[in-house]
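Input: a single structure, listed below in structure tokens.
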Amino acid sequence: MKRIGVLTSGGDAPGMNAAIRAVVRKAIYHGMEVMGIYNGYQGLIDGNMKPLELGSVGDIIQRGGTKLYSARCPEFITPEGQQKGIQQLKAHEIEGLVVIGGDGSYRGAMVLTKQGFPCVGVPGTIDNDIPGTDYTIGFDTALNTVIDSIDKIRDTATSHDRTFVIEVMGRDAGDLALWAGLAGGAETIIIPEDPFDMKDIVQRLQSGHDRGKKHSIIIVAEGVMSGNEFADRLKEHANIETRVSVLGHIQRGGSPTARDRVLASLFGARAVELLRDDKGGLAVGMKNNQVVDYTMIEAFEGSHQTDLSMYQLSKELAI
Amino acid sequence: MKRIGVLTSGGDAPGMNAAIRAVVRKAIYHGMEVMGIYNGYQGLIDGNMKPLELGSVGDIIQRGGTKLYSARCPEFITPEGQQKGIQQLKAHEIEGLVVIGGDGSYRGAMVLTKQGFPCVGVPGTIDNDIPGTDYTIGFDTALNTVIDSIDKIRDTATSHDRTFVIEVMGRDAGDLALWAGLAGGAETIIIPEDPFDMKDIVQRLQSGHDRGKKHSIIIVAEGVMSGNEFADRLKEHANIETRVSVLGHIQRGGSPTARDRVLASLFGARAVELLRDDKGGLAVGMKNNQVVDYTMIEAFEGSHQTDLSMYQLSKELAI
Amino acid sequence: MKRIGVLTSGGDAPGMNAAIRAVVRKAIYHGMEVMGIYNGYQGLIDGNMKPLELGSVGDIIQRGGTKLYSARCPEFITPEGQQKGIQQLKAHEIEGLVVIGGDGSYRGAMVLTKQGFPCVGVPGTIDNDIPGTDYTIGFDTALNTVIDSIDKIRDTATSHDRTFVIEVMGRDAGDLALWAGLAGGAETIIIPEDPFDMKDIVQRLQSGHDRGKKHSIIIVAEGVMSGNEFADRLKEHANIETRVSVLGHIQRGGSPTARDRVLASLFGARAVELLRDDKGGLAVGMKNNQVVDYTMIEAFEGSHQTDLSMYQLSKELAI
Amino acid sequence: MKRIGVLTSGGDAPGMNAAIRAVVRKAIYHGMEVMGIYNGYQGLIDGNMKPLELGSVGDIIQRGGTKLYSARCPEFITPEGQQKGIQQLKAHEIEGLVVIGGDGSYRGAMVLTKQGFPCVGVPGTIDNDIPGTDYTIGFDTALNTVIDSIDKIRDTATSHDRTFVIEVMGRDAGDLALWAGLAGGAETIIIPEDPFDMKDIVQRLQSGHDRGKKHSIIIVAEGVMSGNEFADRLKEHANIETRVSVLGHIQRGGSPTARDRVLASLFGARAVELLRDDKGGLAVGMKNNQVVDYTMIEAFEGSHQTDLSMYQLSKELAI
């Protein structure tokens, strides 16, 4: 291929810029040209794109968000929208595409691949919920933002002998809640992957209290219910007063951690290598500590596995 | 005085531990003993206290929260509660007291002073709302936590061309919202000290949008209304979609900034000096960049002044 | 004035970008145009400049370093260099100038003012050593970087019962060392403003050791001697083993703290107001918690005062 | 086993406290008692130990350093020292031991195992240099500290068009330098695992310069040579001026990252499980994203592999 495109799609995640940088530099290293497409698939439809040079991606490896912007694009789900996108690819002589985003972003990539424009997916989402990869770009940063927040809230919880309910992101996946809860030393973690028993939770809180532990941190994954709803139910169930903290959008931003930058660099580079070999319809990922690639079908049809042994361990350590 | 006590009262604030450390070490430096009283005035009533040595306050200058814990104490508002406290002071031979907390905490301190136990107030609250001092312990740390959050949220706001409403703490005072808004480059800041005009806000948002600025950050002080309520009103008024982020309790925790540690050290030391001179009923503060002390009456009867020239400047810089 | 210029000069400091933003936006708010001059006075000589718009300074308030770059410029000390600069000002119809930097940068500004181009100085340096202002832009950020480093080093000092010598910046001024030492809970602080007595230091270390304190942090301002030299002398004097950490250039970078951003915004705005009033040869500063302006002569001829009462306090709290 | 001991040995690393916490809580969960042994093997010889309860390890998961302290212990290399240690184990009825530290710490653990006291090694070092595990506790935190420093230094490098040489830790291993260089976007990385060619480096710097890149970051692993020596050689070789920053001991401290806390929790728990099964002479580790255990011999005789494909990638992305 002589010219490839790159776009970011779906919710932004820290490390997306590092991935863009890797795509651009790796491609240029191999003598290819790169077009940066703005606003995700919408920009593809609109022809909103421009060439990226080595210098275009200087000083962005450490920036949160995405320099290429992102947007939802319902139009690209339609055949008409897709045809417009293909026209733009032809018009700009783009032969292949790197799509950085969640697995929703892969669907469009699959369509384009079938139409003769090989696409490679790079998993970028803080939710860590893409089948086929152990980690996604942004997860590690979001995780550290969450534990930093837990550490701060614990200062108040301890000083005032209070119980806090902290709602964390993750959509339908419990990874962020689970890892953050284990790393933050939370007393209780509620994730979608395992039904919770309010009686059990109340008993744990009370036995801790009897042992002299007067404060407690409960992490609730947003995929289960909201932090406020959980607090209400705890109150109803056992008259336990809590304070609620909804961490919200701070979880999506910030300078990426070292690991997210490295992951993004490895993934972006592999994506370019695949396109050089004219391979499309593939997603890159990290599996057993190795960079891998696999068919996007696996990302659609597979299901993400949360490590439930960590869940069990979190309970044992929170006794 | 040969022996003084120290307690923390009201909401915890980063830097309270640094103030405790300063009180203990300064007192010991001058040959006095210090009793640490736990759980605020409740601990005073209960006689929940123990001697603090040099080593007791080692390695705490950098910790958030308060090592002495804090609690509300309705009982201490009653004459009976106060008498119990006085009995404990006598029983433990405590001659004077340093009270670290908000101006609510000063009321009890005033009562004790009138009963012959000189008390000195040290302003500790993230709200920066205590009359008589330009800054309170914890304000600077909370401020930096808020701008760190704004910086993170801006990553997403920019990447997705969105408008965010961020609710920040401060009770009835707008200082935290105002400083954070100015430092965070917020496009709009809503504080209790100045009535806002929704039409004006909408017009600013739209003229920014027309100029190509597709994202925007609006800071709302909790003393005005909740972030969600503000977002609803903006939606009603002009059909502007926003995302809301309620920063919540992360604002109260964390390792104190350098400035809060220095402030806490200066205040704690001055409080001890006043007690050495048998002076009570005074609060310490920072006024025109100098450590000062003033009668607690001023803290009750005065009113905190927010710097409205900064408010005007924030509007000019956000054009 | 219809058009002003802005440049940064001397060592970079966190918050310079926030100051540039304030200058640009405040000027545009008042209907003036702003030229950004690159690489300090060198860029003025070379005519390396371009117009700055509202959008040019978007998303920079939180960035370290200076978007306008900085450089030493020996040529501007010569009358020939100055004439070249003046030619450029004329050619670009720039009527006044904001110079952000250390007091060295003010000298060129004074020359231009005398030649009919009013200049205003904005104090930007981490060293906090400019006469006439209590604080400079960048000091607060550097201070927090230093205490973050001290906190980290203390983890190792405590775990291994070691004594560390930490060398901090500040050129001839001890402010950074003194504030950081007080905020970091250092056992010993060595600053240029006060001669130190090695015997006294050794005795303090040993009496701490006898009391059970087996680790210790010594802060040495670079203006006194290097950390390595101090460690050697301690070794010679009393055979005390230490580890040395030279914090170095990390002290100059990073996202500015809230306070530095606010200071930069206030200073930048005041500088524009002065130019609007055709006032030059002035520097802005913070004095007794108020923004002030004063003649640059004061900055050259005055001397910066370090608060020695804080120095005394640091000794009392480190007993 | 009814009672186990735990100690930390060698250089401290962030996350050691999280590992101690996991050992204590997992053991208590399974009905075992835990003795905390202070100052590493020296404390074992001296009988410097005390029982750890659930509450003993509360609020330490987020702390850097090691609550159990660490120290070198030449005496434990001798048979006499080892016998003293064994006497203490017997006297305190300790049946097995968890040793948290570098591979040097494993040697003593092997001796004790052979004498009938099963020991399990938990890899704790920022150097990431222990054969048999992909990651060690502390590496991720140190890595993030280094990239935070690189980000800060880059602010100055960019603002002043300078080249910086940054020396990072890692003893004989290049992992920290390599990962930090890749994540920090360094232009050049020098590690012990690959001989470097000064001519090549100079050429890269100059071709970057010709392309308009006037600043540059060079990371040097301490295992190759000091940053100052490298700078001197660059100066000699090609008259290139650089600034040197030796990051030093800040790399060993700080609150552990989420990943280090999770790793420490998983490792500590696995170590207890092995002791429950009366297995000793083993080390735990992370291999292909799974917690594993393996004979300590492998740690002594194997050699740590640095991922040289990352090294190659760093060069391609830094073009």
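Per-chain residue numbering starts at 1, and chain names A, B, C and D are given in the order in which the chains are listed.
We adopt the following convention: contacts are C-beta pairs under 8 Å (C-beta built on N, C-alpha and C of every residue); 3 or more make two chains touch, one makes a residue touch a chain.
All figures in this text were calculated on a predicted structure; none of them were measured in a lab.
Participant: What are the mutual neighbours of chain A and chain C in this structure?
Facilitator: Chains in contact with chain A as well as chain C: B, D.
Participant: Examine where the copies chain B and chain C touch and state whether the two sides share over half of their residue numbers (same) or under half (different).
Facilitator: Both copies, chain B as well as chain C, present the same residues to each other, with over half of the numbers appearing on both sides.
Participant: With centres defined as the mean of C-alpha atoms, identify the chain lying farthest from chain B.
Facilitator: Centroid comparison gives D as the farthest chain from chain B.
Participant: Measuring from the mean C-alpha position of chain A to the mean C-alpha position of chain B, what distance in angstrom results?
Facilitator: 35
Participant: How many angstrom lie between the centres of chain B and chain C, each centre taken as the mean Cα position?
Facilitator: Taking the average C-alpha coordinate of chain B and of chain C, the gap between them is 28 Å.
Participant: I'd like the Å distance between the centres of chain B and chain D, where a centre is the mean of that chain's Cα atoms.
Facilitator: Distance between chain centres, rounded to whole Å: 39 Å.
Participant: Listing for chain B: what residues touch at least two other chains?
Facilitator: Expected reply: 151, 154, 158.
Participant: If each protein chain is taken as a node and each touching pair as an edge, is the resulting graph a line, ring, star, complete or other?
Facilitator: Contact pattern: a closed ring, each chain touching exactly two others.
Participant: Can you work out from the touch definition every pair of chains that touches here?
Facilitator: A-B, A-D, B-C, C-D
Participant: Using the touch rule from the top, collect the residues of chain C that touch chain D in their complex.
Facilitator: These residues of chain C touch chain D: 8, 11-12, 14, 63-66, 69-71, 145, 149, 151-156, 158-161, 164, 243-250, 252-254.
Participant: Could you pull out which chain B residues touch chain C in their complex?
Facilitator: Against chain C, the touching part of chain B is residues 21-22, 25-26, 28-29, 54-55, 58-59, 61-62, 134, 140, 143-144, 146-147, 151, 154, 158, 179-180, 182-185, 211-213, 255, 257-259, 261-262, 265-266, 269, 287-290, 310, 313, 316-319.
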